[in-house]
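Next come two complexes, and both contain chain A; in the first it sits with chain B, in the second with chain C.
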Partner chain A sequence: MKDSLEMEQPILTDQPLSWWKKSLNIRTACLYLLPSFFLFAVFLFYPMAKTVYLSFFLTDQQGIANVFVGLENYQYLLQSESFRKSIKATILFVLYTVPTGVMIALALALLTNEKVKGIGIFRTMYASTMGVSVAASSVVWLFLFHPSIGFFNKIITAIGGESVSWLLDPSWALVSISVTTIWMNIGFSFLILLGGLQNIDEQLYESAKIDGASYLYKLRRITIPMLSPTLFFVLTVSLINAFQTFGQVDILTQGGPSESTNVIVYSIYREAFVNYQFGTASAQSVFLFLCILIVTIMQFKFGEKKVHYQ
Partner chain B sequence: MKDVELTHLSKSYDMQTEVLSDISVSIHAGEFFVLVGPSGCGKSTMLRMIAGLEDITEGTLTIGQKKVNDLHPSKRDISMVFQNYALYPHLSVEENIVFGLSVKKVPKTQRKKRCHRVAKMLGLTDYLNRKPRQLSGGQRQRVALARAIVNESPICLMDEPLSNLDAKLRAQMRSEIKQIQRQLNITMIYVTHDQVEAMTMGDRIMILNEGKIQQVGPPIDVYNAPANEFVAKFIGSPPMNLAKATIYPDNQTLSVVGRIHLQLPPEDIQRMGTKEVTIGIRPEHLQLATSESQQPGSSKFEVKVSHVEVLGNETLLNFEFAEGNWQAKWNGQWRVNVGDIVPLSLHYSAICLFDTTTGNMIKQPTQNEQHLIQGVSI
Partner chain C sequence: MNGLLKKIALYLVLTITAFVVFFPILYAFLISFMTGGELLQGNLFSKSFHLENYQKAFERLPLAHYLMNSFIISLSVMIGQLVVSSMAAYAFVFIPFKGRDAIFFLFISTMMIPWEATMIPNFITIQQLDWINTYQGLTIPFFAMAFGTFLLRQHFKTIPKELDEAAQVAGISRFKFFVKIVVPYCKNSLITLGAYSFLTTWNMYLWPLLVTNNDSVRTVQIGLKQLRTQELATDWGVVMAGVVVVIIPTLVLLFIGQKYLQKGLAQGALK
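Showing the complex of A and B:
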């Protein structure tokens, strides 16, 4: 050990550091970044650039850019009745799913954060929707919503109500999809929120207990503020998820009836792969990207003030 | 003012092993009562039972003659300081301090007044608008303290409040907490694993080991007359030296591994009634043997020094004795080298004797250095 130190020292001090040696840190860093940069480039940066590029063109059926049309694709979108409907459906869908989903997940997390025997069973149960694929759960809900043999209508008719065409009635279809989505997303939100709750020091509650604080008082003045970073994260992720919903729409309603569930990602899919209008589909994608970007930025700007980070 | 009384209190978390067993003690109103013991002995559990944060498995707890076993913590007239302070990180210092008052719906102006009074007392006035994370460890400790005393509860519970502070700050906070307790005349129940804190702060201390009371009493009494070997080793720094010894009633001597021979008074031999004992001697009672220290009842023996620590005005000598490491503490600075042979003497009046089988004390030392200042006039 001692010998090797004595051997190396003269080399280090006598010769000036070469460029090759000085840049060692940078080169190491680049080496670490390379794999993820490569993946990002192939699966994110390139498609994004290509999408923006395509949105200025008319394309043929293979999606090859043919004629440069400038902003015409965007103009067309803004005048399109169908696109306006799609935006309305998306906004409604976000409003239906995000607040309700996060609230339910929070309520479940609060419930299961209590120290009760066998609470682990409930925690596993509530988190389990995370493990079910969109396709599988959509199929299950398809059966639940079935007009004649579906579980919901069976119950409604059993108690003397009139059966509802869940997925076929334009005024119900979006609600039905929202319910499905809330159910599917609860697992994730629940798990993250429960983790956040368990991170709060138990002694804070004990101290409040000695002061005589009620459950609601503790919830308002300790739990919610302490949980705010987690809540904020869950809210952001849920929002982005809601904007990008596709699978359940495709399986349950295919955007119908009368475009009432034609949320924007589904509309993009239809435009591109059913109507072969890659140009307008790309324009819609860019539009969606900008929407999510703006909403997320706004959320960070306004939300961050109310969030308490440790 | 209310006494806190524990009667045959027991606690078991799993209904099989007892974490605390048969604790009976009465804590007087206005007293500084320290609960001390090694970590894991059940101190926090006992404190939390008094606070009402932990169920009482068996026995009764009364506060001011009233049985409070099932009373909600907020109705017990207590305040509590937690080991890691339990400050609300998202609230300012002021909001932290008045949290309890807000819960109790104390009017805002009064809240502010009381907060400022307490903040002044603890030197926190300049920090009221800061968040806990912007404070140093010592300041956080003060906020926790302020939060406890602003409620003006007659009983204050503290669970190792100083264990996160550095030594210097700890010494300062010790005296500060003690002063506040005296000034406000609150009953303090203070948990610590540090015997120095126990010795310096407590009016009375209770030594706990493995869930059982070892001894209760004023610190000096505990130091002078430890009830058993555990207390003898636990209280005092450096700890008391212990070794196995045998009594020979025939020639009335006590012998420690054939190296120390002490003459015993006959009445002591009769009273103790056992031959296998453990001898205990405080390091300060092992002094250098001189010609005048050779008096009846004392014994001289030589040891080989294995380690020396000079602490400014006192010197600690370490040496191997009877399969253990013993220490002697001498006043002043002594030039002793490792490996030196040093003659030591000890007197029968200075030693403790414990029954080896039970560990209980059977003879307490009678020679204690007690000094009184009497009739001082200026």
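Showing the complex of A and C:
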């Protein structure tokens, strides 16, 4: 990196500052922002625009746009049974995973916010799922769900129940994937929420203690309002993550059985890289983009008002 | 008395929930030491401690090579993200220029574009650059990161403005100020972000799946997928051995960096 202040020669005249001198700051700033800008342009803005562009075309196998078809890709999607299933699976998946996941993480964070001996070990154990990758978690849960030697069915049959074909039964598959996902996300949500809890001013609790407030009262009146920005953040991140789910579906079910777990990103992947239908895959990507855009805007519009900032 | 009971109840709840949460990881460890026969019987503990599964996992896949690849890729992305984001954050905090807020808003808006919505053109770009099966194809697209810039900006802002002014008066160059003062001052945020980007890169799945089609730069996560397809219903001990090998580096990193992540990420989330 060239240094801008050193390059500059001292100006000894009384003349007004030259344009060159005045624009020093902006030139320096550009230098510092250039890497980010360049990368965003090449790997984010350009491809996003290209995705929109491709969604109006039929493409060949290399992804070169051939025939302009206008909105036909979108029309095709709206009529496609498969896409409707994918939307349904995605929405159900979001509903199954986000509220439950955040609630569990919040409960664990509240539990470990108590100052007792050995709490560090418990915190580490709850956070541990963050260190387990999507692929690794999925493989472990694949085994837990194994129809004959898996842990769950072993337990069920041991107490006299009938084994469940978790990942092969259309009514169970999405639930199974959701459970896996909730588990995978506990670590991250927990860690952030715990951090948020520890940032709350001790003194607020001290004064409540003097007033003899109950735990639930403190929770409702102090903890939750003070934690709301963090909760809001965790909720947004979980929602966006849920829309972007891919790995667990690829390893556990490959979108099956009968497309019951074909969530949107998996559907895009299949359409583009298995069927080579880049046009319709791009239309789906635009759809995904809009979903996330709406979620983010809604959260900022409605969420922001209810959130209490310190 | 009441206090003691409460304490016991708390520990009980903590222990049970910790066991439930940690169980899948523990289970993977236990199974990785089991023979096929023991597995079928449904034992939880192996009678003898043997490492055969690990040996097999390394024999069947170039697991060591994949580990190496994952290390190289995660480290590169980590360093790349730290350099690129801290430079951008520096400009946003210390260099006043026209339109700074608008540009910052543009940065933040990139967080609304899901990476998956751009993957088709990105894949085509990588193909045209002839970057399939290369380290650069797996790393460079991830160097710029709005979240990282945002997080660092929050911390850079806490540096007293007087320090910057004094440095300018003393004729210390911007770059020197950045390297000698800003970076050491914000060490904690940089560690947080570094740990976070290493973790997320190590765990990346979809992109390595797309841009690798041979073993040369393939990562451990894809190795797990291969192991899963090869060994299905046969040798689960070997598969779990693979899982353990893959998760140990990130678990260790998490245990070391947990305090930083807990504090740092929450801060980034708030302000």
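Rule of thumb we're sticking to: the second predicted complex is superposed on the first by the 296 of 310 C-alpha atoms of A that agree within 3 Å, B and C clash if a C-alpha of one lies under 4 Å from a C-alpha of the other, contacts with A are read in each partner's own complex, and residues count from 1 in each chain.
The criterion applied here is as follows: a residue touches a chain if its C-beta (ideal position, glycine included) is under 8 Å from a C-beta of that chain, and two chains touch if they have at least 3 such contacts.
In this text, all values refer to a predicted model and were calculated from it rather than measured experimentally.
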- Given the superposition on chain A, are chain B and chain C in a clash or a fit? fit
- With the two structures laid over each other on chain A, which partner does A:76 touch: chain B (first), chain C (second), both, or neither? neither
- Would you sort A:203 into first (chain B), second (chain C), both or neither based on which partner it touches? first
- Item | Arrangement angle, chain B at one end, chain C at the other, chain A at the vertex (C-alpha, nearest 10°) | 80
- Residue contacts on chain A - larger count, chain B or chain C: C
- For A:51, is the partner it touches chain B (first), chain C (second), both, or none of the two (neither)? second
- Item | Which superposed partner A:137 touches (first chain B, second chain C, both, neither) | second
- Given the touch rule stated above, what does A:226 touch, chain B (first), chain C (second), both, or neither? first
- Between chain B (first) and chain C (second), which does A:212 come into contact with in this model arrangement: first, second, both, or neither? first
- Query: Nearest CA pair across chain B and chain C in the overlay: distance in Å?
  - Reply: 10
- Message: On chain A, which stretch or stretches are contacted by chain B in one complex as well as by chain C in the other?
- Response: none
- Message: Quick check on the complex: what are the chain A residues that touch chain B?
- Response: 201, 203-204, 206-213, 217, 221-222, 225-226, 308, 310
- Item | Parts of chain B lying in touch with chain A, wherever the complex brings them together | 51-53, 72-75, 78-80, 82, 84, 86, 88-91, 99-100, 103-104, 133, 147, 151
- Query: In the complex formed with chain C, which residues of chain A make contact?
  - Reply: 1, 3-6, 25-26, 28-29, 32-33, 35-40, 42-48, 50-51, 54, 62-63, 108, 111-112, 114, 116, 119, 121-137, 139-144, 146, 149, 151, 154, 183, 186-187, 191-196, 198-199, 229-230, 233-234, 240, 243-244, 246-247, 250-251, 265, 268-269, 272-273, 278, 281-282, 285-286, 288-289, 292-293, 296
- Query: How about chain C: which of its residues touch chain A in the complex?
  - Reply: 7, 10-11, 13-14, 17-18, 21-22, 24-25, 27-28, 31, 39-40, 42, 83-85, 87-88, 90-91, 95-98, 100, 103, 107, 110-125, 127, 140-141, 143-144, 149, 168, 171, 173-176, 199, 202-203, 205-206, 209-210, 221-222, 224-225, 227-228, 236, 239-240, 242-243, 246-247, 250-251, 253-255, 258, 261-267, 269-270
